[in-house]
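Here it is: the structure, laid out below.
Every chain is named by a letter (A, B, C, D and E) in the order it is written, and numbering of its residues begins at 1.
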């Protein structure tokens, strides 16, 4: 892997992080502006705006867990320090996104389902479990005092939580659920389809004026995650270096 | 094989020894189930519908408590060093430890579960379902809980940390089991919840020893 | 006095150290309160009336869990020997330990209690009563719990044994506190339950250090 | 201030078993005494009895110049196998706590760090210390908080040669200042000491 | 069966700190080697690395005649400060478990009880044993379950004079039978041993 080398990663991320950041600001700016200017939905009224936040945030929260879990896997199996740093870096960001997903979901649930929270809904539940895994990861990281050991233990936990991602995604198909089944991916595919000249999206799911802000805010949030992640990996790498130097110096003294 | 049998006997003895094991887990289980009505106010009409759910939650919590010493002790007194130097692999060792844990505390709790649920007002005809799902759920609790216990080794925060790690792992079996029982109580089909509980428990039996072994080796290093 | 202040600081540091203390107790508390609705089925109509009761019980259980290491660790690593050889009496030492325990875990839990009760559907105007009774109850839990922890020293069964010793001691404060809150929720006079809770907690603060000191000295001999 | 220890006709039981009886000994200011005897003879038990943890079955331990509670709360140090160090805390914090708890001052802690050459360890967590480093840290309170009577249970075993000599000097200084030492050992102490046979 | 240990150019780190590098040593059948060095030099760490707990930072540990997993699972004994004895169980049960877990038979356990004179301790709970008695019990598995390589961390410190001689004879017998010993010590072993300096 190209980025597996720390030096190469550092020089890559030095440029990539700001680029992702700018992309994120741009796309989110346009996406949210569009989202706020589209007319109210005749059924949902104002709350339709959450359509441009909730699904995207939720999907990115899953991406964040996937990023953490896969990094954890490389950290555990190949003892790769950069992968360790990547996993550690993803956790708080992912927890933030997951929390937002839960929050926006329940704000949306009030008008749509008539309840803030539904204990028996599998997707809500599994998303909560995702959040608990993030919390457990961070708790473990801070409770075991040897940093290398803590990272490894937390990474094992992150891997244990990976199957839950599938449950989050497919729960709407496996169990009957209140939650929307139509997927972000179909919307995006439809959008690409329409861009490449297809004109009308063939799925009746989303009204055409909603599609652009829906997709833009998704890519914007994804870039936001990427930017934050890279920045945090960089600071993890710096912190490790500084720590190693300090200990080495103490050893010589 | 011979070694693993020796280990199994020792783990059982450690769990039962000195008046421990079920002798302590059972009263605890009973106490939780008893305190709750006090806390809630003891109104039977309120209590009966949630009785099985509560007995099920108490089971999860009790499993959690007994788990705490599964690995931490062995780590602190150096027995984990010794376990790592036996002929059997660490994976097999962890498997045996969890199995013994289940037999020593999970199984007696499963026997108590229907009694306590009935005491709280559940329907008598549910007892066999409550018993089997507690038995099966206990298996899942022991193995997934073992992962938490192994990951928390050396953290000096024991119980609470294990709980935080393990709770997301306990959510699915708690839901599956509770759903199965409440479906049965309402005369609906309980089979799918029960099957999911079984699948979850068996999957955790198959997979968690690997996570535990990795966690133990990590703690020793 | 100087020595006791040093001890107090150390106990706080041990409880808070490395992301511990409230940072772990709070999520655990939240998790118990969260799992319960899963187990019960999450019907809002069923849940709201018992919300405060549950948050109260979760508080008791969480206090219990964090208690485990109050004396046992010190006994095992020899720190209890050292504590017994300081100028302050063992009674004062035990008092300080429990006070620090309460400040480190009881107080943050008290802050969380109203939030969790509201999340489970309790009435918002109850928050101040829930907070003060959690604070006061936490004091009682810390000190009576300390007695259990001291009696269980050297038993190698930690958590569960403490729980069994302590749960009967927790019954009165659980009832008093839950009654006070549920009375208040129904618009009735909550003062008597609250006064009983306060009396219980203060009595336990005054008396349990003696029991703890005796238990510690016994464990050392 | 303890001005002498007298063990009179001591008999100890552990778990219904009589370890020994009629053990008498005396330690005066400036004197060191070592308890020697086979494994299981009762050396550790005698130290714990003097420290007040175990009640004598018969006989008694008398402190000259102090009543027992005062002697135990202010007059003696006990350093056993278990050093009471918290593995997750920094060595500095633990040394500070142990010293202040037994009556030491900030200046005393500094002196201990200097005399025992603990400086490089101070910012490490205790569990990262090697066996000898831990022991050295545990011995710190002897220097930081001056108490007259030192009860030591095999204090030197994990120390390396250089540190044994260093600790020998500290013991000699303690004795020269009128201190007393009662130690259970298998190898002789590096200071002149009366040998007390414990026949278990 | 291990027929030799070779430590090649070993470097160990603990918590980001390099302890030492370029440590090489070799132990052949019938030979004993002692690791000596200051406190904190890394003796215990070397033993734990040979036992497979710590991964080398550089260099390696090579076992002749066995792959590493086999060597660690069947070829070596490690007796550290922590003896892995459960304090609430009977000495007999613990000796039995430790021996069988490492491959010993009932006859082996009997032999250990006899050779180490453990008989009188067998019906006591482990927590009631004195320091030396515990150590003796922990050493039991060396005799009960024959393995070629003994890794010992300050094995003799808590033993009394008579038991040191006794254990010396056991080590001599082990070496005579083609065994190997690698021990971290502060006092010399009572058998002829090559000295390996660990300069931390």
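Quick note on the criterion: a contact is a pair of C-beta atoms (placed from the backbone, for glycine too) under 8 Å apart; a residue touches a chain by one contact, two chains touch by 3 or more.
Keep in mind that what you see is a predicted model, and the values were worked out from it rather than measured.
Participant: Can you tell me which chain pair comes out on top for contact count?
Facilitator: That would be the chain pair B-C.
Participant: Tell me which chain's centre, taken as the mean of its C-alpha atoms, is farthest from chain B.
Facilitator: Farthest from chain B by mean C-alpha position: D.
Participant: Among the chains, which one keeps its Cα centre farthest from the Cα centre of chain C?
Facilitator: Farthest chain from chain C, going by C-alpha centroids: E.
Participant: In whole angstrom, what separates the CA-based centres of chain B and chain D?
Facilitator: Computed from C-alpha means, the inter-chain centre distance equals 45 Å.
Participant: With chain centres defined as C-alpha means, what is the inter-centre distance between chain A and chain D in Å?
Facilitator: From the centre of chain A to the centre of chain D is 58 Å.
Participant: How many Å are there between the centre of chain B and the centre of chain E, using C-alpha atoms for each centre?
Facilitator: That pair's centroid distance is 37 Å.
Participant: Going by the touch rule set out above, which residues of chain A reach two or more other chains?
Facilitator: Where chain A meets two or more other chains at a single residue, that happens at 120, 125, 128, 132, 135, 139, 143, 145-146, 250.
Participant: Out of chain D, which residues touch more than one other chain, so two or more?
Facilitator: Those would be 81, 87-88.
Participant: Could you list the positions in chain C whose residues touch two or more of the other chains?
Facilitator: Where chain C meets two or more other chains at a single residue, that happens at 18, 20, 24, 27, 31, 34, 38, 41, 73, 76, 156.
Participant: Report the residues of chain B in contact with chain C in the complex, numbered from low to high.
Facilitator: 18-20, 24-25, 27-28, 31-32, 35-36, 38-41, 46, 49-50, 53-54, 56-57, 60-62, 65-66, 68-69, 73, 76, 155-161, 163-164, 167, 170-171, 174-175, 178-179, 182
Participant: What does chain B use to touch chain E in their complex?
Facilitator: Chain B residues touching chain E: 2-3, 6-7, 10, 13-14, 17-18, 73-74, 76-89, 220-221.
Participant: Under the definition above, what is the set of chain A residues touching chain C in their complex?
Facilitator: These residues of chain A touch chain C: 115, 118-120, 125, 128, 132, 135, 139, 142-143, 145.
Participant: Could you pull out which chain A residues touch chain B in their complex?
Facilitator: Contact set of chain A toward chain B: 76, 120, 125, 128-129, 132-133, 135-136, 139-140, 143-146, 149, 152-154, 156-157, 159-161, 164.
Participant: What residues on chain C touch chain A, complex-wise?
Facilitator: 18-20, 23-24, 27, 31, 34, 37-38, 41-42, 44
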